[in-house]
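Each structure below is given as structure tokens.
Below, chain A partners chain B and then partners chain C, in two separate complexes.
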Partner chain A sequence: MSLVSAGLLLVAVAAATSLVVGVLASPLRRARVSAGLTCVVGLGGVLAGVGALGGASWSVTARNLLPLSEAVFAVDPLSGLFMTLVGGVAVATGIYSAGYPRTEEYAGGPASRTVQMALPMFAAAMVAVPAAGNVTTFLFLWELMALASLVLVLAEHRSRPEVGRAGAWYAAMTHAGLLAILLSLVMFSSATGTESFDEMGAAASAISPATRSAVFLLAFAGFGSKAGLVPLHVWLPRAHPEAPSYVSALMSAAMVNMGLYGVLRIGFVLLGGGPQWWWMVVLAIGCLSALYGVLQASAASDFKRLLAYSTTENLGLVFVGVGAAGVFAAGGDPQLAGLLMIAAILLTANHAAFKTVLFLGSGAVLRSTGLRDLDQMGGLARRMPTTAVLVGIGALGASGLPPGNGFVSEWLLLQGLIHSLSAAGAPSVAVAIAMPLAVGAVALTAGLAVATFVKAFGVGFLARPRSAEAMAATEVPPSMRVGMGVAVVACVVLALAPLAMIRPLERVLAAMPAIGEREPVHGAAELHLSAIAGSMSPLLIALGLAGGSLLVVLLLRLVGGRQPRRAALVWGCGGTRLSPRMQYTATAYAEPLTRVFDDVLRPEHDVDITHYVESRYLVESIRYRQRVSDRIENRLYPPLLAVATRWGSVARRLQNGSVHRYLAYGLVGLLVVLVVVGVTS
Partner chain B sequence: MTGLLRMIRSHGLITEPALNPPEDMSDAARVDDVFGGSIQVRHVDAGSCNGCEIEIGSAFGPVYDLERYGVRLVASPRHADVLLVTGPVTRNMADPLVKAYEAMPEPKRVVALGDCARDCGVFAGAYGVQGRVGDFIPVDVTVAGCPPEPEAIITALRRLSGR
Partner chain C sequence: MSATTWAIVAVVVQVAVVVVGAPFLVGLMRQVRARLEGRAGAGSAQPWRDLRKQLRKEPIAPEGSTIVFAAAPFVLLSSLLLITAAAPFIATTSPLDGVADLYAVVSLLLLGSVALALAGLDTGSAFGGMGSSRAVTVAALAEPTLLVAGFALSVRVGSSNLASLVEHGQRAPSTILSPATLLAAVALWIVVVAEAGRLPVDNPSTHLELTMIHEAMILEYAGRDLAVVELASAVRLAILLSLWGTLFLPWGVATTAAPGALALGVVGLVAKVSVLGAVLAAAEVFMAKWRLFRVPELLAGSFLFGVLAVSSSFFLA
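Entry: the complex of A and B
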């Protein structure tokens, strides 16, 4: 039995077992079993993925499993990559979820039977989506993934009303995305006359270019919505904060990658690359998403909303890489396309690692203090030291600075984009305009991401506690810390030894006929680029930074140790003692950025001044409120929702509840069918 | 711009010529040579009538130009070598004055400027006055006068800067 089949069997067995989890009575045992099953699913996914990345190709057809069609599972290196990513996230999340429900919460919420049954099922569906080999299996597993995630998002709907609204938005948008994907795949399948992905890919060149473009654009719309690209991203900042944190981690670090998988599968593998303008659209949307996501994240003071917008930003950067790779694959420079594709995939892997850490960390803070608002946190580094260190490593990765893991992938992406003009010979006008703009967008995004994560970690964890809840924080149970630790190990490995990940990726490139067998990056401890002159060693950078810091500390000890020291108060202009409430808040830290970008963000300010009754010259209290809402949602969605509401009220006249009218519809319909059959035969 | 140049040409240099160095520059009144020719001064108004502040402003102005003797006003006591205190110590300013003194790094010196800082002056015994500066922080140089003339301020600060 090959590694792939063993892994998939584990996944199937664990998913089937999860259905009986609800039978167990003790909530503690249920939590542990559910967590264990999610870990097994994750391990199965990693096994199968590693096996597929090692070169083993596997496929199986089950005839009577699905209605209307047969179930085909086919695993190639591209599927293997995504199965590994999802499996890794599922392992970390599974370990974490064992300790998440608090003892006093066992009545509902994350400890309810439905949620604990749905968690391993969600992970299993996500692991299986890349393994689907024909349209029906793919859509079935996609919808299973969406439904399971919806159940998980709605876990706490009894205790908080906004969870219900978030669930409604998520349900509507994921099904709108499903509609787009369904249309695209159905169009593709009917044009080629077959349902299996392999045969569709072989017959794709025979379809007309208009149909191919329609298929690609619809698929990009559906998969892009799942990936959280602007303007279809509005479900992300609503659903992620309201879901339990390990569900947010699974969704943000694993499920959005399914959107990327869909675009790669349909665009690069099945449609064989496509014309340049498709990928220009992808590049443009990627740049927009990256910039908009990071701007909203830099202005957000809710920790989870910040992380949700950061997902939009990172997926935007990934699609910048994918779009640029597609442009060069279509333009006849597969070496550069391979480099950019490697950068995009590495960025996805890094994002999966650090986003898991960050969401699990936010869950740890939420469980320990009940706080999601950065303006009220603070001082957690002393009270939750392990969590603070782990989240710090994740934040370093998210900010894209060395020695964090985001740095290597951003470096590769920027190298590919910057050298694209010289390496591609005589570039077309579109490429010559688009690439420098993309470089500018990526650079601005990287800078703003640094500000965002310095704000998130510095205001949230460092300094003094800004509220009583933060002061009462305690460290979380060991299972949650181990879960975060697993993800941090992945971050550290990706940061110091990215080549361990890059080797298997070359097989993924071989699976894409548009790019083919390439070796864009080679070397041992140092990354050397093949097509362009560039090299970097993340290990040396990390060692250099560590060595330099050690040197500075030793020097300070030697020199400064001789000076006499005196402990004194912080200078506060001689006035009353500084209180922790006077520290920078997240809103204050982001204020310069909010002011500079206020045309995009449009923050709403509200100032409330209360005067003393005796005299209007004396102020009793001042209350300041700032709200940054999603401008794209405010502009684009209300007209669409108004149209849908009007359509619904028109339909109400057709379906007014009268049984007599429905019977009349049935009678008239039958008569019409009889007449038509009679006339045409 | 031309108006400014015309004014400069017509008025010429208005700064007073440099005074002779104070006679007792070598004794205990010169404190010690620890500041090496330049001092950063932080001013604290502990409750004065602002007469001394006007004289300090005049001393740092273009006519008397205290900065040529290596004296500079700074905003934060963390950057200061010398604390220049005016006025008697009132109730509200007692704590901030002590905090400003404690915020200064060593070596530091204190100058009590004016009769009020020296012994409460005309405000001795008033309800809001808690004492003279010497009751709260150790004073190194005292400048008498109500208000002291700019030349007296310059002499006192030159003793500290050593120029």
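Entry: the complex of A and C
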């Protein structure tokens, strides 16, 4: 039995067991059983994925599993990559979820039977999506993944009404996406006359360019909505904050990657690349998503909403890489395209690792304080030291600074974009204009991401607590810390030894005809780029920073005084003792940036001044509220929703409850079908 | 001694020159300013005397602060030491050149700012948060200019490694007078001013908490911690000026690891940085600090110069 089949068997068995055990197990055991099964699914995914990345190809056909079609599973290195990522995230969240439901919550919410049965199912569906080998299997698993995640998003709908609204948005967006993917795959498969991915890929070159473009654009819209790209990102900042945090981690770190998988599978593998303008569109949408996502994240003060927008930002950067790779693959520079593709995939892996840590960390804070609002947090580093260190490492990765893991992929992406002009020989004018702008967008995104995560970590975990809840915080159970720890280990490995991840990726590139198997990055401790003269060493930078700090500390021991640090009051201008309420809050911290990007964010301010009854000249209290709403959503969606509502009310007129009328509809329908058949045949 | 040994000697000499020289640079700039304002000035060695005094004093940590506050100065200084060891300020032969290219150097500079920004928040005082918020805003908005100007410089060379950039500049001096390089020089100069916290972005000698950026962040540091932060600020200024000086005036930098060339490199570096520092200080006499919300306009302008630099390197080459 190969590694791939063993892994997938494990996934299938665990998912099936979860259905049985979920019904039978006692409420007290259920959380642990569901957590254990999710871990097994994750391990199965990692096993199968590693086997596939190792070069093993595997396929199986089950004739009678799906009605009117057959279930086909085919695994190649590209599937393996995504199975590994999903599996890794599932292992970390599985361990974490064992400790997440509190004992008093066994009545409902994250501890309910449905939710705990859906968790392993969701993970299993995600592991299986990349293994699908034909259109029907793919769509079936895709929808299974969407429905399982919808159940999980709705976990806490009894306690908070916002959850229901978030669920409705998520359901609508994911099904609109499904519709686009369905249309695209149906067009593709009817043009090629087969529904097996292998045969579709072989026959794709014979399709007319117009059909190819339609297939690609529909697929990009559908998969882009799953990846949270602007303007289809609106479900992310609703669903991620309202779902239980380990579900947010699974969705944000694993499920959004399925959008990337879809674009790579259809765009690069099946259609074999395409004209430059497709990828220019992808590049532009990527830049827009990265900038808009990071701007909203930098202004957000809800920790989980901030993380959700940061997902849009990171996936935007990934699509910048994918788009640029497509542009150069179309322009006949496969080496540079390979580098950019490696950068995009590495960024996906890094994002999966640090976003798991961050969402799980936000869940830990939520569990021990009940807070999502950064403005109320503070001082958690003293009360939850392990969580703070783990979230700190995750935030370092998310801000793209050395020695964090996000830095390596951002560096590769920038190198690829920057050398686009010199390496490509004579680039077209469009490339020469697009690439500097893309570099500017990536750089601004990187800068604002730093501001965002300094705010999130600094305001949330450092200094003094800003509320009684934060003051009373305690460390979370060991299982949750271990879950975060697993993801942090992945972050550290990716940060210090990225080549361990880059090597297997070359097999993934081999599956893409426009790029092919090359070695865009080589070296050992130092990363050297093959197409262009560039090198950097994440390992030596980390060692240098550690060594430098040690050297400075030792030198100070020699020349400086030896007194220990004395704890003292904070400087209060010589007058007052500063209360924790005088500290900067997350809103205050982001105020300069919010003001600079006023035209994009348009924050709404609310100032309430209460006067004393005795005198109108004396102020009793001032209340200041700031809300940053999503302008793209406010501009774009209300007209669409209005059309849908009007359509709904028109359709209601057709349905007045009269049986005669329904029978007449049936008759008319039948006649129309007969006439059409009679005329066309 | 072999060339490798000399190359290592060059790294050590470079780190020593920058660390020892940085406080003198700050002293020189204050002296220039004092003379132009008609004061006698405290002399160029005053920053070193201040450091000696602070080293002996007792360090203080605000109540409720964490390890972040205590560790930030060391992270800041070590990130700067790493840049100094890798950059080709006196010789392009550094064995560490492959460790950090222009973009890694930019990220390391940002890492130092972030360490201080977190420390500012960790103090739990309003001033710390204020300084931290402003510093991070300026750093975030300076980032695009830095990278786009770097883009313009590395396009022609086909590499972003600092040693290759400097060697290319020495080999083909005419490229330095090309429009692309000149525009990039202007863009980077504005960013150097912003990143080093000089006028008109930040006033390094202010004593009013409400107007400060850098000084507000480090308000709570005392004793040897403050000494490390002050030394690091001076080194940061020296690094930024040296980077600008080596990229746009690459002459004097040794390309072989020979004792004579290294000595020339040291003299060249000291001369370039002193002149740049004196010019910067002299210009500051005629300037006042800008309102914080006008700084983004300045940085947006510098970004425009960066984009123009890239496009001219493409369209005019």
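FYI, the second predicted complex is superposed on the first by the 649 of 681 C-alpha atoms of A that agree within 3 Å, B and C clash if a C-alpha of one lies under 4 Å from a C-alpha of the other, contacts with A are read in each partner's own complex, and residues count from 1 in each chain.
The rule we apply is simple: a residue touches a chain if its C-beta (ideal position, glycine included) is under 8 Å from a C-beta of that chain, and two chains touch if they have at least 3 such contacts.
The structure displayed is predicted, hence computed values, not measured ones.
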- prompt: In the superposed arrangement, which partner chain does A:658 touch: chain B (first), chain C (second), both, or neither?
  reply: neither
- prompt: What is the contact status of A:560 with respect to chain B (first) and chain C (second): first, second, both, or neither?
  reply: second
Query: Where does A:649 make contact in the superposed view: on chain B (first), on chain C (second), on both, or on neither?
result: neither
- request: Quick one: classify A:64 as touching chain B (first), chain C (second), both or neither.
  value: neither
Partner touching more residues of chain A, whether chain B or chain C: C
Task: Please work out whether A:208 is in contact with chain B alone, chain C alone, both, or neither, and reply first, second, both or neither.
output: neither
Query: With the two structures laid over each other on chain A, which partner does A:575 touch: chain B (first), chain C (second), both, or neither?
result: first
- request: List the residues of chain A that touch chain B in one complex and chain C in the other.
  value: 566, 568-569, 571-573
List of chain C residues in touch with chain A within their complex: 55-66, 68, 70-71, 74-75, 77-79, 81-82, 85, 96, 98-101, 103-104, 107-108, 110-111, 114, 117-118, 121-130, 132-134, 136-137, 139-144, 146-148, 150-151, 154-161, 164, 209, 219-220, 223-225, 227-228, 292-293, 296, 303, 306-307, 310-311, 313-315
- prompt: Can you list the chain B residues touching chain A in their complex?
  reply: 76-78, 95-97, 99-100, 102-103, 106
- request: Sort out for me which residues of chain A touch chain B in the complex.
  value: 566, 568-569, 571-575
Message: List the residues on chain A that touch chain C in their complex, please.
response: 298, 378-379, 381-382, 399-402, 407, 411, 414-415, 418-419, 421-423, 427, 432-433, 436-437, 439-440, 442-444, 446-448, 450-451, 454-455, 457-459, 462-464, 526, 528, 532-537, 540-541, 544-549, 551-553, 556, 559-561, 563-573, 578, 580, 582-584, 588-593, 595-596
